[in-house]
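Here it is, the structure, as structure tokens.
Labels run A, B, C and D following the written order; every chain starts at residue 1.
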Amino acid sequence: MSDVRDRMVARAAREIAPGMVVNLGIGLPTKVVNHLPADFPVCLHTENGLTGIGPTLPPEKADRNLIDAGGAYVSTIPGSAFFDSATSFAIVRSGRLDLTMLGAFEVSAAGDLANWRIPGKFSPGVGGGIELAQKARRVVVLTTHTDRAGNAKLKQECSLPLTARACVSRIFTDMAVIDITAVGFVLVEIAEGVSAADVVAATDAPLVVPDMPLPTF
Amino acid sequence: MSDVRDRMVARAAREIAPGMVVNLGIGLPTKVVNHLPADFPVCLHTENGLTGIGPTLPPEKADRNLIDAGGAYVSTIPGSAFFDSATSFAIVRSGRLDLTMLGAFEVSAAGDLANWRIPGKFSPGVGGGIELAQKARRVVVLTTHTDRAGNAKLKQECSLPLTARACVSRIFTDMAVIDITAVGFVLVEIAEGVSAADVVAATDAPLVVPDMPLPTF
Amino acid sequence: MKLPDKRRAIHDAIAEIKDGDTVMIGGFGVPGTPMTLIHALVDHGARNLTLIKNDANEPGMGIDHLLQSGQVARLITTHLGLNCNAIALMNSGKLAVEFNAQGILAERIRAGGAGIGAILSDIGIGTELADGKQVVEMQGKVYVVEPALRADVALIHADRADSFGNLAYVATARNFNPLMATAADCVIAEAERVLPLGQLRADDVHTPGVFVDHLTELGELSKEYAVVRR
Amino acid sequence: MKLPDKRRAIHDAIAEIKDGDTVMIGGFGVPGTPMTLIHALVDHGARNLTLIKNDANEPGMGIDHLLQSGQVARLITTHLGLNCNAIALMNSGKLAVEFNAQGILAERIRAGGAGIGAILSDIGIGTELADGKQVVEMQGKVYVVEPALRADVALIHADRADSFGNLAYVATARNFNPLMATAADCVIAEAERVLPLGQLRADDVHTPGVFVDHLTELGELSKEYAVVRR
């Protein structure tokens, strides 16, 4: 992982407050766990039926019956609990999930999230994404600021099918930390070596840039 | 228990086929268990969360955490399982309960059952009775043929609030075994020392008496 | 990572309950009834409560203390047959009682804990229990709408817990406890034993600790938990 | 009284499956997928099946065998991302696929097992997943009706069982298995170990045996159950 992506993930890890129950989506969000202190009080949840996720294990140490929702072989920690798929989403939908960190294809200025389907190209099914996006108490997105072709992922309106409306509170990218507010995207932190003008140029919607020095990460 | 009631309960016990899952209601039905052979293959269910009910225990041998839905201290047998109240009624409503034996205030010729409420006199709540009556694959009633004042419990129409409509298949009383059919009550067996005319006189609805010798119990 | 410790003094936990709150209380008869938390709620004194509980226990036991102290305005339940005090309060109009079919009460609580709005059920259709309820036709069949139930607070009795609040129940003391433990904004559990993290096997947990807010370990059990000699 | 013995030869149990049946299959990825029962269903050859399963496993594993043998007409699922074969079948129109939100699929199956008609949910409102679904207004809020799912047959993988069919699962191999084990007219379970009655503690049973019709003990596990090296 490039240095700036590593800093972005490390910054996202600071979003996790002590005592939270957190679900980390597949991809970049999963890597957030590497930036949490060893004795940090947090409970990680995975959709396939586990609270208290421990370290990922290599195949030779893996338990064939113990994976996370992304298919990675994980482990338990003291106090882990297993449960069925209905209970797993009861946790999500009833408000016991304090925070989820998800990937994104697109995020709109209203906080709409599109991250599950690209019609004609990629339609593997929604999995648990809708419920995480719609029901976690706080939803933040980790994503590169633009796609591989350089197109903005932060847009006035999403063009792809939505996962959930008005669900995203904050976006961590390799360029910036951006909040979704009543007035749309607001720049709150910026990556070292990136200018506010760079972020504005890479964002396909108005971006409020506060008239004050911004923290860097 | 008087001799004829004992014979009625023993007769009802023969209604249980090997392999069945059975719920025995509070009162007379509970006593049916005393008439099952020791190695009879059957699974008894109670609403408060147990399959595989074992013998009732006196207070000095009782487990404070192990009761049936009527509050009696019961025991387990090899293969018993405990579960929560939602699972307990999932068993009932999804068709896994082969038979329930219930008490009754009134049963109508259409198989309507009233056994939970006497307005102005007795309204303790319905408990699990509605779901047992409505959803067990087969519902039979154990009751005295008449109430203490001598009034018929088998009537053309119930006058009390219903537990469930058209749910009862068969009634075991201290006078007879009576089936509910498309043409109403049909006498199928008779207690020793009772005449068909006695049963007709104690029943407040037409009773079909087959023109053939009836088995006795 | 390590899991947070939820242990708290019983009166601190109960202090969060406010006048007018809806309180779910586990138990079916004596087994699973959180007798100690109930006494703490009597001491606390919150009034005008709505209780959700399978039954009203028996005179002088369990929630009968809350009924007798006048703290309860409304009771959502299935059966009061063993508590003549509760029936008398109901009949005199001092206690509003809503009766549910037992399995439907369980499902409504479970729905609240599962973040579902309601279930569609055919239980009670054709009887007075369905009177006045919203109905929906689906695929040609009529169902009653049974709305989810949630509470401000749930009082839970467990056999064993760990310090994160993972709970395990024993025998028929399970009953409504695991359902209610998912369906309240604040879940307070009493446990006969609180074990160190890791001592409750992950496969044997009945209620995941993420649902539990406060946990208290019981000392010697009072007589109310014992076998009832009638 | 004693509890009946549900043990049966695997092919006898599978023989009950008919062309056109709806079959629920447990598992989330490899863990909990009844690999041996799936192979028996391939051998059996029933066609025009509707499968209900969280995912389509991976190429050459689990239900991919049933997809490749052409026995499956329709798949009700949540995510096919790890099986390019399944996606190709879907895109070519040879396999009808109905996608559900994962927790809603779980709830629909659970509702089928609980004898409930449907749940009312707000999941997916405002997205294409809610398009065309029946809606109901309750207490001023709009919900979609998510009908219960039941199957003719459920294929279940358990870690341990007793001869009555009480089941216990291990780790994340639990997933959809306990839900599906309640929601089919005929429930067939494979277990890694079948213990004598009384060896599975009553408090540790995850699926009560009353839900299980047929039970088979697995011998040595095939490679498909092993850790996947990608």
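Rule of thumb we're sticking to: a contact is a pair of C-beta atoms (placed from the backbone, for glycine too) under 8 Å apart; a residue touches a chain by one contact, two chains touch by 3 or more.
Since the model is a prediction, treat every value here as computed from it, not as a measurement.
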Intersection of contact partners for subunit B and subunit D: C
Chain located farthest away, centre of subunit B as origin (C-alpha): A
Inter-centroid spacing, subunit B versus subunit A (mean Cα positions, whole Å): 57
Subunit C and subunit D: spacing of chain centres that average the CA atoms, whole Å: 32
Centroid spacing, where centroids are CA-atom means, of subunit A and subunit D in whole angstrom: 30
Separation of subunit A from subunit C, taking each centre as the mean of its C-alpha atoms, in whole Å: 35
Where subunit B touches two or more other chains at once, by residue number: 50, 82-83, 86, 89-90, 92-93, 135
Per-residue multi-chain contacts in subunit C, two or more chains: 107, 114, 116, 122, 169-171, 174, 202-203
Touch-based graph of the chains, sorted into line, ring, star, complete or other: other
Pairs of chains in contact (touch as defined earlier), listed by label: A-C, A-D, B-C, B-D, C-D
In the complex, subunit C residues that touch subunit D: 107, 111, 114, 116-122, 134, 136, 138-139, 141, 143, 145, 147, 168-171, 174, 202-204
Complex contacts: residues of subunit B adjacent to subunit D: 18-19, 21, 33, 36, 38-45, 50-52, 54, 76-83, 86-87, 89-96, 135
Subunit B partner contacts - residues on subunit C that touch it in the complex: 28-32, 54, 77-82, 87, 90, 97, 99, 101-107, 109-110, 122-124, 126-129, 159, 169-179, 206, 225-229
In the complex with subunit D, residue positions of subunit A that touch it: 46-50, 59, 62-69, 71, 73, 82-86, 88-90, 92-93, 123-131, 134-135, 161-165
Interface residues, subunit D side, partner subunit B - complex: 1-4, 112-116, 162-164, 166, 182-183, 185, 196-198, 200, 202-203, 205, 208-211
